[in-house]
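Let me begin by presenting the structure, written as structure tokens, before commenting on it.
Chain lettering (A, B, C, D and E) follows the sequence in which the chains are written, and residue indices restart at 1 in each chain.
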Amino acid sequence: TAHNVQAQDDELTKVTLFLSYIPSVQFAPIYVAIERGYFAENGIEVEIEYNFDEANGVDRLAINDLQFGIISGEQVILARSAEKPLVYVMAWYQNFPVGVVVPADSDIETPEDLKGKMVSLPGFQGASYIGLRALLGSAELTERDLQLVPIGFSAPEVMCERQVDAATVYIANEPLTISQCYDVRVIPVSEYATLVSNGLVTNEETLESNPELVAGMVDALLRGIADTIEDPDAAFEIALPYADLPEDQIETQYQVLLNSVELWRADVLGWTSEEAWEATQQILLETELLREPLDDLSAAYTYEFLPKLPEEVVEEE
Amino acid sequence: MTSLEIQFKRINTKLSSTWRFGWQIIWRILDWRLFIAPMITYGIYRYWLHTAESGRYPKFILPHPDTVWLRFQEMYADGSLLLHLKVTLRESLSGLLIASVIALVLGYVIARIRILNYILIPYLIFLQAIPVVAIAPIIIIWVGPDIKSKIVIAALITWFPLMVSTIVGIRNVSPQLREMMRANVANPLQVFWHLELPSAMPEILGGFKIAVTLSVIGAAVGEFISSREGLGYLIVVGRSISDPASVFLGVIILTAISLTLYIIVAVIELFLLRWKRAGS
Amino acid sequence: MSQFVLAVENVSHTYTTTDGQVVKALHEVTLCLSPKTFTCLVGASGSGKTTLLRIMAGLIRPKSGQVLLNGKPLRQPQRRISLVFQRDTLLPWRTVRQNVALPLQLAGVDRKKRFMQADQLLDLMGLSEFANAFPTELSGGMIQRVNIARGLITQPDILLLDEPFGALDALTREQLWRELLLIWGRTHATVLMVTHDIREAIFLSQRVMVMSTRPGHIVKEVEVPFDYPRHFDLLTDPIFIQKEAQVREAILADRLSSSRLG
Amino acid sequence: MTSLEIQFKRINTKLSSTWRFGWQIIWRILDWRLFIAPMITYGIYRYWLHTAESGRYPKFILPHPDTVWLRFQEMYADGSLLLHLKVTLRESLSGLLIASVIALVLGYVIARIRILNYILIPYLIFLQAIPVVAIAPIIIIWVGPDIKSKIVIAALITWFPLMVSTIVGIRNVSPQLREMMRANVANPLQVFWHLELPSAMPEILGGFKIAVTLSVIGAAVGEFISSREGLGYLIVVGRSISDPASVFLGVIILTAISLTLYIIVAVIELFLLRWKRAGS
Amino acid sequence: MSQFVLAVENVSHTYTTTDGQVVKALHEVTLCLSPKTFTCLVGASGSGKTTLLRIMAGLIRPKSGQVLLNGKPLRQPQRRISLVFQRDTLLPWRTVRQNVALPLQLAGVDRKKRFMQADQLLDLMGLSEFANAFPTELSGGMIQRVNIARGLITQPDILLLDEPFGALDALTREQLWRELLLIWGRTHATVLMVTHDIREAIFLSQRVMVMSTRPGHIVKEVEVPFDYPRHFDLLTDPIFIQKEAQVREAILADRLSSSRLG
């Protein structure tokens, strides 16, 4: 088949996929899809751009400098409110990847317990902030009920030095780091609220002009995720050369992948619920990051390229 | 020299020395050449307006000037702009102050005590070469995540150029004049105050021109990393919520602060280096 | 006022230039300035006169030999010793008045007093009008006069002058001779003055020392027998002319012994 | 001056002029004082070792020196370290080159043509005051996300201090010497080459001392934002996967680059400013 | 070699100091340098001699009046006019040889040739040993000699000298007088020399011009009737002494009319 792929090379559509992180096992499904030729089968050649600046990706998607990126759900709502024609076509994580981490011996067990505590977060924007607000909202707490400390990406250091009672983190990797100091407990946002996590985002122009390309991307990614969930070990093997890990980090990163698998796991992959979109928009409104609701929230996403949900399948039959 | 300036100098003669210099500075500030920049700025504004209205770029890339102006009025009215401005200004000025003290002292001793050059420079360059982003967590652990961390970051970004400028200035002091001071039995403090400081003033003021702009950037960078107020925060949030008006506003005000601080240094320079204009 | 004796004993000095050459500037120079005397030092250009003055002011340590102030080795500059530099050493950011007042300021004299004294000296030097000018706004001769004024302001016990009148016209120069002798008469400081003008040396001093070319050492001392105050008639006095010839001869003899000038 | 130095100077006299200066520089480089820094560094290393072994800090904050050393060997062996180093070096040197040309030209014309001071400075400060993070997207859209964007960022961070230093240096040129050159009918290029450049050299070299460290930081900052290679990338990845050995390694090598470039400037200075040591 | 006439017509100049004072440096000065003549200019310190030389070299434009070179207004410095500055204007980063060779370098003369000529002049000035020294390693008089050498190296048609021998001892000075006259005799350049030494002025020149104190203007011209080559015996010649007295008187008269010196 390698020969086959070679022959088709010039027919493949070149696509840049924007990821707002570094090469990591957390992107194993993408690497699986590449290595197993899922993209190529759909006529796509993927090049990945790693860029820490998510806003940069949003802007370039909006002006069609990029066609695809894995972008947070709330970014899509915010972008659309600024008339950037982004569309969310597929969920990446099924479960919102953010949570609050506390020492295992802490008396904080539920969101309610955060009241009056000192809680760190990276900053007052982005997925962590939205997640934390949703968590607080579920316990009917406001920002005034506790002390929020913005610390950037220093949660492990700050937690280990016990300078805060709890930290808002990405649950796939950061709790692992902190657990080098002491045992920790994680309160995931997804247990208390349903939010739109990050997903594959494209723009309206691409949707209109080249829906097959979008379909191909979604299909390949979903197959990659499914493969990864099914056989994490194999996925890890594939991801390793991409992530280029030092020896002593391999074990930890394997654990990171297992944690991520839990975030991907779903009955049917790629779906988001309307409620999740509403809830996300609601949080954005509460935080005043969004000034007024979108005229048409449903235009922010499409299910068009996703596999059918079980009930739909039943209905059709 | 224009005839107006000569006429002005005549008026000057009647004023006392201190006043005279005061007037001279105001005169120089009111120089017609100062109106060139605003005029060019207006030209740029017209171009911006024109481009924005042409629809060549989408609104979210290039906002209409009116949108930015509206955002300005809005944020000015609810006081949030002033708050952001104050925070950033406080951070950068505090950072500048700390950096100045450290840089001037270090610069002086390194310039004067040769061996310190060999001992200190490697570690100072280490301090300078570490990217702020890499040590941000350590700073936060040490001084806490509040305004102090931004002050430290502003100071960290600022001190080095000022120190190097000080070293260059102090090393440039004429050995003949040093000998003259020594012959007049000046103690080290007097040598510093009456010879080294005025002699190194051009370089030190140059260092401050660099330092003031860097301290503002430093404060903004600190706010990028973590904060909930300040112009850097305004820009970061503006970018993350796709609100280019806030970003533009933040950048414009940051520039305004830098420019103001730079002009303050330039005016101080006009006053302190007036002797350089003598005799030409 | 106590009396100070500045003695130079067997002083030699060498410089090493950047291209590795060793320049012998002074070779075993011995001289003694008794209190309240006026001595002049003449010698060829580059013979080490400035070097000797710098050593006597405590600015550089000689490579060998020593300088004694009242019998104690001189290790660093003293306020009672004042040196008027040959080169322009005014601070360009200070006005003329501030430059002249500098030594008093360094000695802690308050502003009013030091400016008053500076103004007096500037008046003496004919520079009152230029008290507020910066050095760059002065002519060469004016700079030199400011230099002299700065050297005089502390009323030093020992005054070392390095070609103070070099850039001055004959008349200004003669006027300043008079002023200098008046000041000297009033304070009875010990004066050592380097000059290139033999007549100037004889007219002003009690003793003229002649320095040889590199390496510099004292080849001749000529005593000048005239009393003070001296008048310009002296310049045509036969003894004066004889002394002039003596000094001239001493310089010439030294020059002839070395092949070329410099 | 030590007796050894004097003896050395004697030997010197026998060598030709060029060689002599060459030797002098090597001699100065081999100064014993240069061994102070390594000794202190060793002390710091011992302290690090001690602290790391005490277990006071978790491994991901303060790694054991051996871990870093191992990581070094590992990355050296597989060539990735050299690759990162090369990339960052290429970015920073290219950035430095571009910045130097711009800064020297701008600095010179601003220092010489007074009116440009009024016209240009506000916009230059605007350029300097914009946080890199705020214009990184525009840079990436313009020149693409590859190495070019990092070069542009490095140049953007570097040029300003060098320009200000150049301005200070050129303005410090003695008006008397300018007049002398004019009397000798020197054309502007000759004035620049024979008077202004050598006279402003202390300040310009000071500017370069600042610029070389900034260009390295600029390259790293560019890599933080987006990249797949380079020492900045190494640090970012290290931080993201909580691998402090990579972070430390990255920072140490960044410092080493800065220090090396700084020392190169210092050696050039030793050579170009040798006249300043004459006569003292 | 063609002949050049440098004429100054009704030139006045004022400076405005930083403290707003207006200094009248020159007032309606008119003079003409005929080809191949040697003129000396004497006058009190601060009377505007340097200012006049700077104007004649094309370095500053007078506030009124004009300078004509062969009848054409002089607007900028010319290579055929060479000015030896009163103040130290050596480039500190150049060795003595490189400093002396500078004007030739600026004129595009190749390295070998310009260094050869520089070395010749340094030999003349008695500075061969110091060709590779930096200016900071020289004595005051040596710096002045380097200055003179730099002014001579282009073999200018018009040579303006601003107190070239001020810091030199009598013998070096007399030796350089001879050298200067020899060079002048060989090239027949037009020379204008500012000096404070009246005897020097008369000994060297064909015409001595006396400048009054501020505002400077020519108050007297004294013709010197001696032929060249001149010998030092001249210094005791009665006519010489008479001329000396004449110049002296002219200066004195001017000085008395103004109240104080300077």
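Please note the rule applied: contacts are C-beta pairs under 8 Å (C-beta built on N, C-alpha and C of every residue); 3 or more make two chains touch, one makes a residue touch a chain.
Owing to the predicted nature of the structure, the values given are computational and were not obtained by experimental measurement.
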Chains touching both chain A and chain D: B
Chain at maximum distance from chain C, centres defined as averaged CA atoms: A
Of A-B and D-E, whichever chain pair has more C-beta contact pairs: A-B
Between chain A and chain C, centroid-to-centroid distance (C-alpha), Å: 86
Distance between chain centroids, defined by C-alpha means - chain B, chain E (Å): 48
Length of the line joining the C-alpha centres of chain B and chain D, rounded to whole Å: 21
Numbers and ranges of chain A residues touching at least 2 other chains: 55, 59, 63, 153, 156-157
Sites on chain D at which at least two other chains make contact: 17, 61, 133, 175, 224, 236, 239, 275-276, 278-280
Numbers and ranges of chain E residues touching at least 2 other chains: 17-19, 21, 87, 132-134, 136-137
Pairs of chains found to touch, sorted by chain label: A-B, A-D, B-C, B-D, B-E, C-D, C-E, D-E
Complex contact set, residues of chain A against chain D: 21-24, 49-53, 55-56, 59-60, 63, 65, 153, 156-157, 160, 173, 176-177, 180-181, 244-249, 252-253
Chain B-facing residues of chain C, complex: 54, 57-59, 76-79, 82-83, 85, 87, 89, 91-94, 102-103, 105-107, 132-137
Residues of chain C defined as touching chain E within the complex: 15, 17-19, 21, 23, 42-46, 49-50, 86-88, 95, 125-127, 129, 132-134, 137-142, 144-145, 162-163, 166-173, 175, 196-198, 248, 251-252, 255, 260-262
Interfacial residue positions of chain B with respect to chain D in the complex: 31, 33-34, 36-37, 40-41, 115, 118-119, 121-123, 125-126, 128-131, 133-134, 137-138, 160-161, 164-165, 167-168, 171-172, 175, 202-203, 205-206, 209-210, 213, 216-217, 220-221, 224, 232, 235-236, 239, 247, 250-251, 254-255, 257-259, 262, 276, 279-280
In the complex with chain B, residue positions of chain A that touch it: 54-55, 58-59, 62-63, 75, 78-79, 81-84, 120, 122-126, 148-154, 156-158, 161, 163, 289-290
